[in-house]
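Right, I'll just put the structure down here and ask away after.
Chain lettering (A, B, C and D) follows the sequence in which the chains are written, and residue indices restart at 1 in each chain.
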Amino acid sequence: MLIGLLLALPLAGFLTLLFFGKRIGEPGAGYLGSATVGLSFLLALISSFEFISGGENGRHIELFEWIPSLGLNAELLWDPLSAMMTLVVTGVGALIHIYSIGYMHGDPRFGRFFTYLNLFITSMLILVLGANFGVLFVGWELVGLSSYLLISFWFEKPSAAAAGKKAFVVNRIGDFGFLIALMLIFASFGTLDFTHIFEVLHDNAAFITTATATAITLLLLVGAAGKSAQLPLHVWLPDAMEGPTPVSALIHAATMVTAGVYMVARTGIFFELAPVSQAVVATVGALTALFAATIAIGQRDIKRVLAYSTISQLGYMFMGVGVLGLVAGVFHLVTHAFFKALLFLGAGSVIHAMGGEQDMAKMGGLRKKVPITFATMVVAWIAISGIPPLAGFWSKDEILAVVYGRGGGYMALWIIGIVTAGLTAFYMSRMMFLTFWGEPRWDEGVQPHESPINMTMPLAVLAGLSAVGGLINTPFKPTLEHFLEPAFEFVHQAHIPEGVTPWILAGISIGAGVLGVMYAYRRYVVNGTQLEEGGTWETLLNGYGVDDLYGKTIVAPGKALSEQLAFTADAKVVDGGVNGIGAVVKRLGSMLAPLQTGLARSYGVGILAGAIGLVVWLIVAGGAV
Amino acid sequence: MEHSIGFPVIALLVLLPAAGALVIAMLPKNRSELMMPITAAISVLPLAVSLFILWEFSAADGAEFQFAESVNWYEPWGIGWNVGIDGISLLLVVLTAFLFPISIIASASITKDVKLYMVSMLLLETGLLGVFVSLDLLLFFVFFEMTLIPMYFLIGIWGSENRVYAAVKFFLYTAFGSALLLTAIIALAILHSNVPGQSISFNYADLNELALSSNAQMWLFLGFGAAFAIKVPLFPFHTWLPDAHTEAPTAGSVILAGVLLKLGTYGFVRFNLTLFPEATVTLAPWLGALAVVGIIYGAAVAIVQPDVKRLVAYSSVSHLGFIVLGTFALTSQGLQGGIIQMVNHGLTTGALFLLIGMIYERRHTRQISEYGGLSSVMPLFAGIFLFMAFASIGLPGLNGFIGEFKILLGSWLAWPVLAILAASGVVLAAIYLLWAYERMFTGPVDNEANKGLQDLNGREIAILVPIAAMILFLGLYPKPALDRIEPAVESIIDRIERVTDYEAPEFGRIADVAEVAGEAP
Amino acid sequence: MVEVIVFAIFALAALAGGLVMVSARSPVYSAMGLLLAMFSMAVFYVMNGAHFVAAVQVLIYAGAVMTLFLFVIMLIGVDRAVDRTETIPYQRPIVYVLGAGLVALIGIAVLDVAAAFDGSLQVAWTTGRPSGNCTLDCVGTIENISGELFTGWLLPFEATVLLLTIAAVGTVALGQFALKPRDEAPEGVE
Amino acid sequence: MIPILAQAATEGLQVTAGWYMGLAAVLFAIGSAGLLLRRNALVMFMSIELMLNSVNLTFVAADSGIGSLEGQISALFIMVVAAAEVTVGLAIIVAVFRKRATASVDDLAELSG
């Protein structure tokens, strides 16, 4: 009941705002939106208590029959994993709603913004609460829709509109894989229900062949990569920064992009049956992490730094879930939601302060001007850099330890992880130093000012969470692991190695982080290096030109092919063929036309001759003689 | 079980619009402002009757022809008024009756010869309803052809610049298919008389009992199939469609896309699958392949169309490909998906054409490049357009997804490769619709002519809201519809399996396995 | 034998009438030739026991239809003898050949050629029942005809009503068009 | 002619259905020749009437040969159709004449290809 209600609240908010948003106006719409999500969070919190004592492993809430002949019902699953996700979504969501009241102040479509935000929360809840792949897919697509709507919220800007479309289309390519995975799953199992499938697989791992499991998992990975912006489908996320900053924080950092991680965690048992896929997922994750981290170094736009950082951090999560460190992956998902949302909101606050300026080249020396923003962002910075005891350290370290624990070829991934950790610390520090330290490089007339309370309050809350959030799952007291245990009961998870190894690993990763920060400090504070230009930096700024590459190899040829099909093949060949037949008939007709003299008596001769011929034929052939 | 309510309700349904046409024909010609409201009022009557039928229809017996009526006209040849509605035709009948009042109300801007226009619309409705209820092949053919003439007039008289070309092309192309259809129908009826003790028969029930040689089945399948493939239209017989759609007046496009194209897919399901099961099984992969080519081809061609109406027309080629694919996958899921998708496509594409018509009335252009930034000036219009676009893209929660998903599942069992290729149509749909949306609705309003555009008025909202409601309903709660389709579909698949050595592929049944697993410990 | 003589006389009359009709320069003579042929025809009907048909023949054809013809001839001018030279190339020779072909066909059909080849020399047209010896029920009296017409042929009979109505309406309509003046005067001005 | 005469000599001459049919056929030939050779629309119409009459004669003669009434009924129907045709046809002729001042069908060749 409560679960249904916690889903219904944002939905009701969405519907109310959809029809009356304009009438409610500012700030009522914002309060209404925030209230529904906040209430949802409270309900989720209350409903989660049942798992803390380690009770049942989840229950199904059937809403209504959806596609009965497929046995596909609108059914919710309330288990620790979905509870965890719900808490993150509604919790962070509520904070970002509140923040948005301040951020979107004065926007002519203030109400519409909260309509979309509530739609997003609803969709995301459908995604994480779905009890079968069908409902999951519904949520999956609906978050894509809300993401589309929110990215292109300022649709007057052509770049925003294009970014929204790009996000949706790239996601659709991922969904294409997901959809095929669904078909494969349905064809193999005859149902899409999680519990059903997992139980069967648990009881009888040979129910599907390894090949099938590999196919399913790789296809799921395509879907997950699309949603979570992993290589090679990451290109939409940086562009998605065209959306308002709270959107970037909520959708493109904290929640929606982690849906891929959630899905892999949810379907962990499939991955367990497909070792190849584990390696692929982990490798994709590791490569993405490294790849995006290097790009982040070269960015000038504060939000794009964070965007690539998000891609990179998602890579970590994929690494984690890829090696079946499901708890580690989800743990990082949670902590990342805290500190990345905080970073985005902080960045939003900075942008707000700078009157909309996003280019770091025109910031600098903001420490004093926006002290609360600065203070909270420092927390997030330390957290993401992996310096204990802040949140990022614990989760990132757990992932790295689990990867290390798998040994073998995974060692290479661990090394990539460590390198990335160093790079992460470096580019985050670069961002912080360029923004808050040094001399002001502001444009004329810019008067930085601290944001209002409804924006700083969420920052403070998130800073608190970023600081202590890691403590929910320390090696000393793995609360989260216990909490999530029932959800992963069917999966044989990978764990961190025993003994002293984890401590050594932690030391190395802390070392990498500290090194990164220190080098950045030397470079940007001590040496006062400004934003770099040219050469390699240009390449990094353009994200290695992947966009151009896709443009040249896929988009342009695809469009050319379409044009060929439309204006040559279709118009000339297919339709030309049809018209050609018509033309031939016409030609024949005009050849025969002179036979029509128009003289009735000539026709009469024809009739008579025909009649005589017919009778002759009857006599000769018909045996009438 | 007999489902008869002792009243010829189907005859009433089919003949009401024709009677209405007579009424309209008797109205004085100079009172053209009365025509639209009266016609709309008349067209609501068949809707009411169809809703009554929907209400009375027994879902459990969806495989049977209910409300059957049988009046002999020429008994020796089994020709007569044999009509009935089963789960397959039910929704199409309701869809037809539903779309007509909407498209008639949407025709308020027609000023040229309103009377003839309205008469054509009503006659068209009779023809379309007749096709879906006919259980006599000759009757079917008569109705099938009857739709052609009003449509020809609708395109040829009230269309845009190139209307005559489009109308003639439409007419000749489909009439060519019809000629083959008639030949095949007659051949089939005569073949029935070759059976000892049987005479010529056009009765669907009689012909269903007929065991044909595989050779005969093949030729007859092709004869029927040619007409239906042109009507659908299946690639490569589709080129009449973009022209006809583009040139037709709004209501014509709506009916053309919404209902007329379904005659082809309906014909495939109703006749090809049941009358020629062996040929169906043999030819199914070819048709499936053509359908997939159509899906991708239609979508690819749609992407670069400069004319938004043409774009939607090509998207129809793509969507109808899905329906044909589902039909010939010869699995229960695929066929169910195909049938529900017929309804879905009718709703969404119909709505898209309505929307395009509304903007056309304001700006008198269909070129995408003429627009831009419409979201700012017509937010409501933009919102509804986006809603319909997403329904067409197949966003879950809206109707398009249900059909596509079932079709893909069903065809996956038959031909996984084709299903995968077809699924790529889902991606392409997002590209062409969202790109068109981007170009038309977002960005700055840089064309002066677009600055003063009025947002939707009450009448326009009133015709769009019911469609949107249906789209949402079918997307969220398709159970009532699927419950009625399923028995009919099952019986068709069962029949094919019984008559031929074909076995419909099944899903892995987890339920069975789970039971075994449960018993083991 | 009387029958043969009567047949011979009226057959000659009919042929003569037909030939006159075809060859006369003036339409009035043509009409008279046709009239002769029709009267002869009526006689043949009587000889075949078709009394009612014969009566109708005289009433409708010889009476009404011929009168109509004459009216029209008078309306559009009697003296307009149309030019007899043929303008369509080869029309005449072709018609002669076809006419000969028709006659040849008659010969083949009427004389049982196959039988002739058999050597039995049967003549097809003499093998039927002699005409005129019909029993009472097949004589075309009004009673018999009406009995047949209104039982087995009711629907076609009623259809003729429709046909005649349409013809009447059509004729009136054509008359309306014809009333419009030749020289494109404005509408409504006679 | 020889077989006929021979038969006549042996069996006595009797008028049978065949006689009428032969006559009807000749009349039909005359009518068709008139239709094809004359250009006056009125005469063409008369030729058609003659052809129709010859057909009627065939029916009636066959009727008495077989001993049924259906031929006569058919003849009646043919007459009805002929009457209808004549009225409409003559009306057309008059209408055309009023427009064109000609009754020659060769002048009405608008439909030439």
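Heads up, the rule we're going with is that contacts are C-beta pairs under 8 Å (C-beta built on N, C-alpha and C of every residue); 3 or more make two chains touch, one makes a residue touch a chain.
Please read all numbers here as calculations on a predicted model, not as lab measurements.
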item	value
Reaching chain C from chain A through chains that touch each other, fewest steps	1
Innermost chain by mean C-alpha position	B
Geometric centre distance via CA averages, chain D-chain A, whole Å	89
Inter-chain centre distance, chain C versus chain D - centres from mean C-alpha coordinates, in Å	4
Chain A and chain B: spacing of chain centres that average the CA atoms, whole Å	36
Centre distance in Å when chain B and chain C are each reduced to the mean of their C-alpha atoms	56
Per-residue multi-chain contacts in chain D, two or more chains	32, 36-37, 39, 106
In chain C, residues with contacts to at least two other chains	88, 91, 95, 98, 102, 109
Pairs of chains found to touch, sorted by chain label	A-B, A-C, A-D, C-D
In the complex, chain D residues that touch chain A	32, 35-37, 39, 44, 105-106, 108-113
Residue numbers on chain A that touch chain C, as the complex places them	597, 599, 601-602, 605, 608-609, 612, 615-616, 619, 625
Chain B to chain A touching residues, read off their complex	169, 172-173, 236, 238-240, 297, 300-301, 303-305, 314, 332-333, 336, 373, 375-376, 390, 395-397, 401-402, 405-406, 408-409, 412-413, 416, 419-420, 423-424, 426-427, 430-431, 434-435, 437-438, 441-444, 476-479, 482-483, 486, 506-511, 513-514, 517
Of all residues in chain C, those that touch chain A in their complex	88, 91, 94-95, 98, 101-102, 105, 108-109, 112-114
Chain D residues touching chain C - in the complex, by the definition given at the top	3-4, 6-7, 11, 13-23, 25-34, 36-40, 42-43, 45-47, 49-50, 53, 56-57, 60-61, 63-70, 72-73, 75-77, 79-88, 90-95, 97-99, 101, 103-104, 106
